[in-house]
């Protein structure tokens, strides 16, 4: 069997671990051959490949990023895109694809499956917001990076008697903010799932200052105050039509400074959260996803995606990946509220 | 309500996070009062306490160890021990206990419950070998520490053309070896669950050297070769009757050096794996365990232990904690074998 | 002897290590007594103290921040401030002060010395820009934090084919940018010491993209382009009259996006650089500074500051601390240019 | 000019950073060509090379180990070795060598220089014991790794009321023990430079237990008690005639357990100290060493070694590298004694 591998969407620690596991087991156990497609769906679309065998995957387990490159290219938005992919796969003798990516990449994979392309999917999102799996790799790394930043900021907040607002990733789901906030001992955690009441935040900040400790607030980039004005703030687009990150953290720090009369500073963690070496949890999860994805390919069980359920890897229909966004449920947010103020 | 808290058994990152969560929610949400018992069951047995309120738990979330101290004291092995505990609790007006510990500590808790003491248990084992919960806190930290050591040892193994044997914790269950080995890219992983064939290990080592890379072997302290001689090796006792750690790693390195004719070195990670600041995963899990344990106490739901099932915290009978050792199942070890050699 | 200790200015990893060393040696070797003054010069000015003995300094070596708190209070800007300090010291029987701080704190110390107060100074600046010492503590920690962020950003830059601009601390001196840029493998480093030519930066970025790798630019918050317009950008003040950090990194990312036609993102590391546990270098330097400062106090050698020269700690006149800003000399910047593009 | 590069001796974080700097500046600034010799002096001796240009050094800055491999081969101990090296260099058109290594590697370099080979040396020893330079790269990384282990062991020592003995590298010089012990807050530090009195160590351990804290002892692998029996202990040889590491740490833990009646455990950090990614200090130092070494080669200033003096890189005669071992001077050890007990 000749199998293509591609990675799409945003960077995420663990991508290389998946690629390595797919190739190590595919070659070593099953005797398959591999083709690396570059830059997500752009690779099969334009027939851009790179060699992918045991030597190419040596030493990549601890490395962030993806040796295959990534892009957000969507063949369904390109005239004749799907036909070109099918033709390229046929020309190269590629029997099946392992597609590693998030909502967009797996959305394409789902539709291609329906059109007769043999695809097995591996879910990837740093935001942990795919409903079909307990966790996605990359998330644990992001949470640890954010937690370490919060650990560092605690001492500075206290030495300076300042409020520190830490803005983390999460446009639609607040998982990173929730976990990093719990792990870092935040005094307030604000998520996209629940609009926040600025008056209450001010109250928590003031309570905290009274204890002689300084408040740390962790906020998702997609969180918004109840009055809803923030939509404009977050809606700003860059030259490529991508929504700009950032904004809410600085806005909140300004508001808190004015309302509490104490200095406040925002720290926007940004892209440091999605690069670099993965944690053990993410390396193990990504490796197991890769092993089980190549098993599915080998068994011809296409149109499926691997997923974590409790401690086991299972297969679910690819379409499940994109069916619904997994947001933070109210009872999980309620847990965290025990530490507010 | 007046509630006692104690921590028993070996050190484990996350103990302080549990204590903090219990106290923060117990005081802040429910208005309970707390008594800290020192050094595990020795505390209630001898009536040794320390104050435990909001001020005492400030800043302890990121710290390893336990502010309450620990011991392996077992009141059932002490003449009149149980009666003294019951009397001490009555004298101090303590209505209920939160007992945080492993098999031994929770075994005592189970029996005390049957004798009418109000206990809620929180499971703790760095080895992750309690059957009633998907994961225990401390395990993720230990795996990350071991993985970081393996990452470092890879480059040295290669620069020196040496075999490196890394001995990790795990006397009866190989979870740390399995996860750290997968995460660190080990070439062989050896567990207590499955006696190893030295000839096969030699073969993997030689295969690895042929690729111009150097082998890393991760081995649990409790792993044994098929010929079984190692029982004596691991059976050595210290002055206190505790089984000595170590031994198998150095034994294996010696064997490999002789059999392959290439230098081999053992690194015994030892106690560095069980101290220090917890990872985000462990801080979140420990925090959630603490929150749910105090809920159980508040509801009077005694004789229970909190446990992780998938992404939710549930309550299970305390007796379940110690019913059976959760060892690495064969299919999980088989996954890892894809990377051997 | 009864000795007061205070910490002033911005947060800096290693402050607690200095305090601990001063107290441990002062009590243990010399039998001195200590008074902790809170929040920099505000402490002696308003007579706000906290106990400071062996128990208070236990466990603080690895902790960021300062157990004494900090402020930017300047008694020379307060009517009768100096007299109040002298009176308070006399009332409390304080014979001498150890003042730990940067330019401002040591500037006050210098003037107080001239007015008869017994002071020994310990230099502190995360920016490493004090002329009288080879290094200050805190700097190595800041550089390592920035380097780790750059390590992480490399993989993301490459997976996304993006330019990443990393803004680090350094308003007047570029030491953090120089060292973090060298250590992180930056493709361009921009410092306050040398205005940068935007055209050249664009050129380096384009050269880098041609190699199939993605550019990382490390820039000091105080760097400016040759046209000088940035002065306004950086001149913005907050509600307390403090100059706002940030600005130049985002400005540069915008410019590069427009000029190169490839996405560019800025990451502003901000306060994460000045908090948290110190590196070994900083703990050793801070500890040695503390030991030598208390030696100077014990010998009555006031008006001095401890300083690192090569591998030894020496004493220099306090006035030297503030005499001139140590900026990055041209030959050090020229070294780094070997890696540009 | 055609220049050979080789790395000899034990693994040391920063080797790749030197290689990268030499090649980046050599090719980019001077237009030189490079040949990579494999495995130390074995490479030129047997004519084993690997390509070494800009592509080969991409991405190696943060990686431990050496892409050139290493060995302890000494051409002066091999019949006709020197002649073969000279012939091989002539045959390959290699005009000069950059030799990166410790006492042995630079000893060979010194003698070859006298025999007309053009060599520039770069000093390397994790032990920091070369007299001609303030610091060598790799040392700071080793100290940080040891410090992090000590940080972790503190909490375990305390939770278990145990003595923990941490054995670090340093057969003849105690720099790693001194710095890691200071940075980690050790209660006793024992070095090869000064035989230790076991009674005094026992006394410090008992003093420490009285404070309710648990003792951490940091000991160099080459430290010895005053009665000198340890010579045998450390003299054990492995199958290759190399002295075995370890021994003294376990011996001391046993002694302390017997003498104090409290449990004691040894942790031997071993090879984890010499692998993996370098710290910022080591990356900057190694990079600057590389840049200055290639400058020396370019200027034809052979028979020299680069060295750090205060904050500047200087050139010293190669022979200085091996003239004398830089051990810990008594006044530096005396500094640390302020924290004993």
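All chains are identified by letter, namely A, B, C and D, in their written order; residue positions are counted from 1 within each chain.
In this section, a contact is a pair of C-beta atoms (placed from the backbone, for glycine too) under 8 Å apart; a residue touches a chain by one contact, two chains touch by 3 or more.
Keep in mind it's a predicted model, so treat the numbers as computed, not measured.
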Which chains does chain A share as contact partners with chain C? none
Most remote chain w.r.t. Chain C, using mean C-alpha positions, is B
Pair with more cross-chain C-beta pairs in contact, given A-B and B-D: B-D
Would you mind pulling out the distance in Å between where the CA atoms of chain B average out and where those of chain C do? 40
Between chain A and chain B, what distance separates the C-alpha centroids? Give it in angstrom. 30
Could you work out how far the Cα centre of chain B sits from that of chain D, in whole Å? 34
Contacts with two or more other chains occur in chain B at residues 151, 277
Under the stated touch criterion, can you name all the chain pairs that qualify? A-B, A-C, B-D, C-D
Interfacial residue positions of chain A with respect to chain C in the complex: 7, 10-11, 15, 63-66, 69-71, 145, 148-149, 151-161, 164, 238-240, 242, 257-258, 263, 265, 267-272, 274-277
Can you name the residues of chain C that touch chain D in the complex? 21, 24-25, 28-29, 58, 61-62, 134-135, 140, 143-144, 146-147, 151, 179-180, 182-185, 211, 213, 277, 279-281, 283-284, 287-288, 291, 309-311, 335, 338-339
